[in-house]
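Structures incoming, each one as structure tokens.
Here chain A shows up in two complexes: once beside chain B, once beside chain C.
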Partner chain A sequence: MGEAVTPGLLGSVAVAAALLAALATAAVVLDGVLGARSEGRSSRPALTRPVDEVARLLRQRRRAPLSADTLLWRIGGGGLGVAALLMVAVVPLGEWVIADLDVGVVWFNTMDVAVWALVWLTGWGANSVHSLVGGYRFLALALAYELPLMFALVAPAVGAASLDVREIAAAQGSLWFVVWMPVAFAVYCLGVVAFSVWGPFTPPAGSDVAGGVLSELSGVDRLLVQAGRYALLAAGAAFAVPMFLGGGSGPLLPGWAWVVLKSAVLLAALVWLRRRLPSARPDLVMEVGWVVLLPAVLLQDLAVAVVVAWRG
Partner chain B sequence: MLVDIGFWVLAVLAVASAVLVFVVDSMARATYALAVSFVAVGFALVLLQQNYVGVVTVLMMLMEMAVMAVYMVMYMGMNPALMPMSMVHGKRAALAVSGAAFVVLGAGALLVDWPVRRGVPAPDVTAALGEALMGRQMLVMVVISPVMVATIVGGVVLAAHRTRYDRFGDDLRRRPARDPQRGGVGR
Partner chain C sequence: MGVRRWLARRAVRASRVLVVECPGAWRDRVDAEHAVRARGWRLAESPASADVLLVVGEPGAELVEVVAGLWDAMPGPRARVDLAVGADPEPALDTAVASLLDTSAQAEDAGGRAQPDLGGDGTEHHGMDHEGMDHGGHEGMGHGSHEGMDHGDMEMAPDGIPLAGGTEDDRDGLEMDALPVRLGPVLPHWPAGLVLDVTLHGDLVTGGAARFLGAGAEDLPAAPDPAVLAARHCDDVVAVLALAGWDGGAALARAARDTLLERHGGDARDTLLDLRYRVARSRTLRWSLGGVGVVSAPLAARHGLPERAVGDCHDRVLALVDRTIATARVYGGLGSATPVDPADVDDAAGVPVQALGPLVTGYDLAVARLVVASLGTPLTPAEVGAHG
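Right after this comes the complex of A and B.
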């Protein structure tokens, strides 16, 4: 801590933000193509979908309901993208990382908990019933997915005996953690999908509550929230690379290219999954999270701890 | 120099947002003003090079405030933004007590004869802190933890008005249990 704010730091933040934006944009295009395919439409319009959406939302009038708490509302909506950027700040691109934090895993976890507050504030601030229902739904889902997600993050940290993301990536020289921690990886991916309000975890923004947290958002506010969701999905995929997928290790290409490639592949898989899974009802997911996922991931942690202790 | 600036920014932010808790007229704003205050304290801990303790403080406080906002709104039954409320009750006594506490603690911090450092900090301060807090007391912690969990479970059981006879019937044989809320794993 306390290092000087140099152009180098600002430059690296810009590069990380550009990479995150590129991944998120690719996810928007892929989701559009998959959506068009499943409905039998031409997938041509989906290719320009990010540009079209940005142009449309930037030109749209920015409305706010009566007596909305605009301050909290906009903090919530604008914060999602910031949280995603702060997540990727600890992801090493090969040798290079923005913030070489010795507790990077805890930092990522802190940012995904910040999403609790941000989504709830987005729901609350609008002063509208559907929006508020969406905010509460998110917290209900969060209580179900967060503890399994936390214990899923514990497994690679125990495996590498470190909370430093770079050391965790380096500890997977011979065997990727995803191979011998499959349960933790699956639960982690579920957590990423959940904190991005994506796929089975879309009920907070569901069409049955008129768009939930999204219902009152328009113009640039809506753009920030939607972009933030995609950015969170991309950041979650990127963080999985050093945690489970061997970081920058791979033949021929340099380390940073492998990190980007692996993130893109996992992100594509998460985008594809959206249409394959049913939506998770907030009132039912609690029991699934605590009765099925939590014991499963705790057993995974136990297995990892036993292996680590046995290897010495 | 940068650490000094960072400390002052965080210190002013922590105190100012703590004051805001009692100034704003909305439950959500009060809760999240408190969250900002705690987050500033967490980052002040990071400035003390207690990275783990600092970041975990931020994590816990954000989670706690997100849940606390829900409970506060639930018990107060307040409509978002439409009904202004006050976080202050018994203003005079509260002001006197908190002012006195602030003066005592502040004076203590400024006037006490702080000892000079002997030796050097451990290379891994987090591990050293954990050792100091938990090392000798591990046995006590291991014994107390199940007792605390049992207390929580017992409290919930005593407070819940439905018993297992309501769920499983008089002979405790009804399957699945009759619950007002269906669970997610088909029990």
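Right after this comes the complex of A and C.
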């Protein structure tokens, strides 16, 4: 545990990408199994779904609508997975981290804001009404979830008096931040689900607009976007571990194993939760985001700041 | 070659099917969807994501063109199967599998297509005259040969796509913000054969006109079996819940629909009452649908809507469930000893299709879709005549 191994940068990125892909794949399988069970069907097809779907989309030809802005369209679609990978770059696996930034929290926030542009470009580039409406919807959702998410990230940073993700993880030696920052944690999880265009935040890819931002995607373009969404969900779950769930601390297992395990559990919870909620139309989310979540998370920040000042 | 075959076999297991329901083929569409799900396949939401195009029933002249457009918008490998009314969907799906696995035929199909990535040459004319279609090319308006464009003003139509125009009463004062778009006839959770031509400002509907493609007197169903009618009404509930994004509720409604079709009387009662209870009780559904798309009593009267249309989308979805329960009672499907007299049931009170356009005006696309779904499958003019 915590061997000072410093593999080359490429090696580290490959390991992080493989872990992220494994988590995302597990999420796809779990979602498929839960879906099949809720409809009383066999869950067998869901077990091999990731492999089959990848095969299908690799075999499918990519097709662009008339006058599509293919450059921007594909930047948007391909960028989602990259953003997810850049998010986990600052997540410490025990002692080991790809990029030990002293402003890791800000880095994560930058990536999740970059998702705004990426999803919008995916909607815009296809030159199709449904796709564009999906893009609009995402921006409307983003206006609602982003500020609460930012202030949710502030709470652990204030609690640890650092923007360095490793220091934040280390500051939770005795008490995980999730215990005394539950509001920030809940809002953070909502933000993760939202920037993954997932669960209640699916309207940008909703079936009422024939798949919205996804409607014109085919072949490898579709594969990148779908994989990117799951990767973002997995990356968001992984980042919660050092922020709220005590990082790599835990008995018996080495630190990196705890990080992976906690990420997987949180990810599974997010996947499970999806089926229980209807999707939220952007105008409703706007109201909740600004009237409920933002004040709540600001109060949480205030409480954390008071506690930190009290402790001196 | 071994890897390719393996890839193809894996790929086919995850096939997505775009189902086109022709008027009069509701029952067959439900069976086909059932067969698709039973294979672990999924339904496609747009042609770009589909591998199989499944045309259920006999398409009319206009729908034939739409289907051709959809076929053209599918990326390939692709397979098209037609399912006649009353036919078993299994052999049709087997045909699709064989076709998708036939690598050489697929390569030939791909070779014979005009540059899919460039989307065709944009000069084909098809003599239809809609004011500019959904140029994104779904639901029948394939970009490969985007039929239906108005080419009257080619200078202002890059690649043959007319630009959005401005209107005087634009809410945000932007020029080029009014876009004519056709919704349907092939959209997820959308009544078969319905088209709704709307004008969009962003995603706000500022005008609309609805009709059925190729709807005529010949489409009038001969007095439908009450069990099937109850299941159809239940299918309207499925559509609203699915559009509201409540997958669990939609699955429950779908189960109730299938039970009704199988005529398991006692089970149908339990499932329907459970559905009624869950829909009424769900706070998130009330939050999501409450106060949305309100139709006042005078408005309903003006458009000839039945009483159940009054209220918001949440009231209407409950009314749809109640209508299902009432219809199920007619055939004694709910286990009651004395079947209700059909004349007592208000199941003929559908919404005239002409009313949809005015009713969706002023809402954004999401609400407009919910309004259309929550009114239930609209009546064709012929049906209105028959009942009125």
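Everything that follows uses one rule, which is that the second predicted complex is superposed on the first by the 305 of 312 C-alpha atoms of A that agree within 3 Å, B and C clash if a C-alpha of one lies under 4 Å from a C-alpha of the other, contacts with A are read in each partner's own complex, and residues count from 1 in each chain.
Heads up, the rule we're going with is that contacts are C-beta pairs under 8 Å (C-beta built on N, C-alpha and C of every residue); 3 or more make two chains touch, one makes a residue touch a chain.
Keep in mind it's a predicted model, so treat the numbers as computed, not measured.
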Can A:A305 be said to touch chain B (first), chain C (second), both, or neither?
-> neither
Taking the superposition as given, does A:D102 touch the first partner, chain B, the second, chain C, both, or neither?
-> first
Answer with first, second, both or neither: which of chain B and chain C does A:N127 touch in the superposed model?
-> both
Just chain B (first), just chain C (second), both, or neither: which does A:L284 touch?
-> both
Touched partner set for A:R276, first chain B, second chain C, both or neither | second
Classify the contacts of A:Y136 with the two partner chains as first (chain B alone), second (chain C alone), both, or neither.
-> both
If you stack the two complexes on chain A, which partner ends up touching A:A170: first (chain B), second (chain C), both, or neither?
-> neither
Broader residue contact with chain A after superposition on the shared chain, chain B or chain C | C
Could you say whether A:G206 touches chain B, chain C, both of them, or neither, answering first, second, both or neither?
-> second
Identify the partner contact of A:A64: answer first if only chain B is touched, second if only chain C is, both if each is, neither if none is.
-> second
The intersection of the chain A residues contacting chain B with those contacting chain C is 67-68, 127, 132, 136, 281, 283-284
Which positions of chain C touch chain A when the two form their complex?
-> 7-8, 10-16, 37-40, 45-46, 48-49, 51, 73, 75-77, 110, 116-120, 122, 134-139, 143, 146, 158-161, 179, 181, 187-189, 200, 202-203, 242-249, 251, 254-255, 282, 284-285, 287-288, 364-367, 369-370
Which bits of chain B are touching chain A when the two form their complex?
-> 2-3, 6, 26, 28-29, 32, 35, 46-47, 49, 51-52, 55-56, 58-59, 62-63, 65-67, 69-70, 80-82, 181-185, 187
Using the touch rule from the top, collect the residues of chain A that touch chain C in their complex.
-> 35-36, 38-42, 44-46, 48-49, 51-53, 55-56, 58-68, 70, 126-133, 136-137, 200, 202-203, 206-211, 214-219, 222, 274-284
Listed in rising order, the residues of chain A that touch chain B in the complex are 1-5, 67-69, 71-72, 101-103, 106-107, 109-110, 113-114, 116-117, 120-121, 124-125, 127, 132, 136, 139, 142-143, 146, 163, 281, 283-288, 291-292
